[in-house]
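In the two complexes that follow, chain A is the common piece, with chain B as its partner first and chain C second.
Take a look at the complex of A and B:
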C-alpha cells in the first residue's frame, strides 16, 4: 500500500522538481531550451537585479516570520492559559481567516490599506498619522500582507507545544522562588522551542515562494522571488533562468530547515 | 491559574490580534454590499445594495469558474484522501523502518516546497512531456500539498490508536484487508472526514498552482478572482467571494464538529 502514494507523488511531485533542477543547468536560446550544460543561469540569477530580489525575499521572509512568531507567541500563550473547554473556542477566531479564501483576504486588506480606507481613518482618529495614507503599492504593503496572511498558522504549532508543557514544571520553578517572568524565560520558553521552529517553518517557507502579494499589494514594487521566477515562465519564457531561480529558493528553504533542525536538536520526535 | 497583570496583557494582545485578523475580512464582506461607481468597486461607500449577488450569479464566466472550482476541488479531495490515507497509514504501520522514514521525509518535503516552485515545475513537466493542460492536469497538480495535509492528520490519529486491537483481530483470523476495513477504517472515519473537508477547502482556494495550470477552457474561481483584481474588480466579484466565504465557514464548522467527535471517540476508545 506504500507503493500507491510513492508512485503518485513520484509522478506529480518528485519528477517535475528533478526536471526543474536539470533544466536550471541548461542553456537558453530564442528557440527555448538547448542542451548545452552551463552555469550561466545561476550567474544571472545571483547577480544584479535578481540578486537584489533574492535578498529582499530572504529579508522579508526572515522579518515577516519573526514578526508572525512574535505576535503568535503571546496569542498562543493566552489560549494555552485558558481552561481546556475554552481553548478551541478561542482558537477559532484566529483560524477563521486561514480558512477564508486567500484572495478575499488580500482583496479586503487592499481595500483597508487603500487611500480613504479604514486604516487611514483609524490612524487619523488615533492621531498616529495625518492626512492620506500612501501604503498600498509599496514594499511595506507586501510585508504587511505577508504577516497578515501567514499569522494564523504560526499560532497552532506554538499552542500545541505549550499545551504539552507540564504545569508541574512551571509550578516547581515558582515554588523554588522564580518570579513569573523568570519561570517563563527559563522553563516555558526553552520547552516551546520546537513549536517556535515549526511556526517559523510554516511561515517562512510560503513567504520565500510568495508570488501573489507583490502583484496585488505591491503594485509591481516589492518584487519577490516567487513572482520573479514565475514571470520567467509565464512572460519571458526563459525556463532555464526561471528554474535556476526556483532552485535558489529551494536551497534557501533547505537552509532554513537545516537551521531549525539544529535549533531544536535534543528534542524527541525529530520533527522540525 | 492566576497570573494577574500578565494574563491581562496577553488577553489584550489576543484581542488586538483577532481584531487585526478579522476586521479586514468583515470589511471585505461589507464591500460586497457597496454600490460602487460605474460598475467598479471603490474605497468610498456609495450606498448599500444587494444587487451584486444576483449580478454575480448571472455572470456566466463567474459561474463557469465556480463550477470548475467545485469539480476540481472535489476530485482533488477524493484523490488526496485516498492517496493521503495510504501514505499516513504506511508512515505509521509499514513493517520496514526505511520505508516509514522515506515516506515521512517525502511528506515533510511536500510541505516545504513553495507552491510557486512546484507550479513552475509542473508547467515545465507538462510542456516537456507534451501533456495537454486540462482538468486532469490541474487536479493532479493540486494533489501533492493536500496529500501531505491528509497524511499528517491520518498519521496523528493512527498514533493514538492501539495496535493491540489490530493484532487481536489478526489473531482471530482476519486478513490484513479485513483488519483495515473492520478495525482501522471505522476508528479513522472522523479524522478522514475532517481531512477531506480541509483538502477540499484548500483545493477550492488554491491560487498559485491553479494559475500556472489553468487554461482558458478550465479556469477556477480563484484564478478568475486573481485576474479580475488586476483591473479594478466589480463589486460582483466581492459578492461572489463573500458567498464563497460563507460556504467555507459552514465547511469549517463541519470540520470542527467532526474533529470534536473524533476526539470524544478517541476518549471512548481509551476508556474501553
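Take a look at the complex of A and C:
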C-alpha cells in the first residue's frame, strides 16, 4: 500500500518536475524544443528585464505575505482567547469565503471596489472619502485582494499554534511581574513562530505565482513572474524559457522553505 | 474544538473529492454517447445552433472549452489534443495549426461558401479558405467618452493625443495582446504588423512604453467600467462597445484610421477527427441562414452571412454596432497572423509596456 502514495507523488510531482528541469536546459523553437543543450534560457531568465520582474515578484510576495500575517495574527489571537465553545463559531466567518470559488471571490471584490460600488457608498456615508472611489486597477487593489483571498489560510496555522501555548507559561510570566505586552512579546510571540512560519509559507508561495489578482484587480500593470512565465509557455510558445523561469521560481520557494525551517528550529515534536 | 474542526473538514473534503469524480464520470458518459466534439470558446453557440442540429441529426455536440487561442493551440499541439472534431480558432493561429498538420484541409464540395460575405473570404491567413470557414468576426475600435476626452477621435494618432490629456490620462485601457497595443503605432508608421521586423516592432513599442504612464488597465474591458467613468478612452471590440453604449448612450465607438484589426473566429476540422462526416454535417447546418441569424442574435457578433443585416429584426436599433459600423471597408482592416519569428518580440515588448505602466 505504501507504494501507492509514492507512485502518485512520482506521477504528479516528480515526473513533471524532472521534465520541466530537463526542458529548461534545451534549445527552443516556436512551440517546440530541440536537443541542443544550453544555459541560454537561464541567462535570459536571470538577466535584465526578467531579473527585475523576478525581484519585483519576490518583493510583492514578501509584502503581501507580511500584510496577511500582520492582519491574521490579531484575529487568531482574539479567537484563541475566546472560550473553547466559541472558537469554532468565530473561525467559521473567517473560513466561509475560502470555500467559494477563487475567481468568484476576486470578481466580487472587484465589484465592491469599483466606481459606484459598495465600498464607495460606505466610505462616502462614513465621510471617510468623498466622490468616486478610484482604487480598482491599482497596486493598492491588488494588495487588498491578496489579504482578502489569503487571510483565512494565514489565520488557521497561527490559531492552531496559539491554542497550544500552555496558559501556565503566560500566567507564570505575569506572576513574575511582566505586563500584558511584555508577556506577549517574550512568551506568546516567540512560541507562535511555527504558526507564523507556516502562515508565511502558505501565503508567500502562491503569491510567487499569482497572476489572477494582478490581472483582475490591478489592471495587468506591473508584470509579475506568474504572468511572465505563463506568457512564455502560451503566447510565445517558448517552453524552455518558461521552464527556466519556473525552475528559478521553484528555487526561490525552496529558499523560503529553508529560511522558515531555520526560523522554527527547536520546535520539533511539539515541544517548545 | 480540534475534533469538531477535523470532522467538519473531513466531511467537506469527502464532498469535494466526490465532485470531480462525479464530473469525470458524467464527462465520460457524455463522450461515449457523443458523435461530435467541438473545442471552442465558452458559451459560443446559440441554442438553435446546437439543439437544432441535435433535432436534425440526433447527435448532441459535446463542447470542450478554452479561454485563449494560445491555450487552444498548446493543447492541439500536444498529445492531449486528440479526440476533437471541430475547433474554433481565431485567424491568427490558423496558419500555425495548418503548417503543423493539426487541422485538415476542407473539402469545399461539401460546404456552401457562397452564402458568406466575400470580404471575409480568401484573406491572407488562409488563402482560398483551404482550412477555415468564418464563424463570426469583429474589429478593434476605440470607445470613448467625447465629453471627458474633449475631442473627436478618428485615428490612432488622435487616440494617443487624447490619452495624454489631463483628465484622460490614467483612465485609458489598452489590450493585453502585444500586437493590438503595438499594431496601432506600426500602422501610423505605414508598416504592416504581419511583416514588421523585430527591430520595427521594438521601435514602435518605444512609443507605447512612453505612453504607458497614461494607461490604467490592460485587462479585459467590462462595459460597466466605461459607463461608470472608470475609463473614458479604451480600445475594444464592437461587442463590448455596444453594451457600454447601451448603458451610457453618450459614448462613441470608431474604427480608427489608417488601419485597424479585423479578427475572425473560424471553424476548422481537427486532424484525424473521429467523426469527420458528422463534422461536415454540423458545419453545413451552421451555414444555414436562419442558424447564422440566431447565432448573431445570441453572441452579439455578426455571423459571416452575406446580407445578414437585412435579415435581423427591424426592431434592432443598434444593428450598426453589431457590424462595427454602417459601412465596413474590408480593405482597410488587417488580420493578425502569428509569426514564430516575431511573436516573442511582440510579447516581450508588451510585458515591458505593462511594466512601464506601473511606473
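One rule holds in what follows: the second predicted complex is superposed on the first by the 258 of 272 C-alpha atoms of A that agree within 3 Å, B and C clash if a C-alpha of one lies under 4 Å from a C-alpha of the other, contacts with A are read in each partner's own complex, and residues count from 1 in each chain.
Here, a contact is a pair of C-beta atoms (placed from the backbone, for glycine too) under 8 Å apart; a residue touches a chain by one contact, two chains touch by 3 or more.
Source: prediction; values computed, not measured.
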Given the touch rule stated above, what does A:88 touch, chain B (first), chain C (second), both, or neither? both
Have a look at where A:114 lands relative to chain B and chain C in the superposition and call it first, second, both or neither. both
Once chain A of both complexes is superposed, is A:261 in touch with chain B (first), chain C (second), both, or neither? neither
Once the shared chain is lined up, is A:237 touching chain B (first), chain C (second), both, or neither of them? second
After the superposition on A, what does A:201 contact: first (chain B), second (chain C), both or neither? first
Return first, second, both or neither, reflecting whether A:152 touches chain B, chain C, both chains, or no partner chain. first
Could you say whether A:222 touches chain B, chain C, both of them, or neither, answering first, second, both or neither? second
Looking at the overlay, what does A:99 touch: chain B (first), chain C (second), both, or neither? both
Give me the intersection of chain A's contacts with chain B and its contacts with chain C, in residue numbers. 88, 99, 114-116, 215-216, 227, 232-234
Listed in rising order, the residues of chain C that touch chain A in the complex are 1-2, 4-5, 12, 68, 70-71, 73-74, 77, 96, 100, 173, 176, 178, 215-219, 224-225, 228-230, 340, 343-344, 347-348, 351-352, 354-355, 357-358
Sort out for me which residues of chain A touch chain B in the complex. 1-2, 4-6, 8-9, 11-17, 19-20, 23, 71, 74-75, 77-79, 81, 88, 90, 92-97, 99-112, 114-118, 148, 151-152, 167, 180, 201, 205-206, 208-212, 215-216, 225-227, 229-230, 232-234, 239, 242-243, 246, 249-250, 253, 257, 271-272
Where on chain A is chain C touching in the complex? 29-31, 49, 52-53, 84, 87-88, 91, 99, 114-116, 132, 134, 136-137, 139, 163, 215-216, 219-223, 227-228, 231-238
Looking at the complex, which residues from chain B come into contact with chain A? 1, 3, 6-7, 9-11, 13-14, 17-18, 20-25, 27-29, 31, 41, 43-44, 83-84, 86-87, 89-90, 94, 99, 103, 106, 108, 110-125, 128, 140-141, 143-144, 147, 151, 201, 204-205, 207-208, 212, 222, 225-226, 229-230, 233, 237-238, 241-242, 244-245, 248-249, 251-252, 256, 260
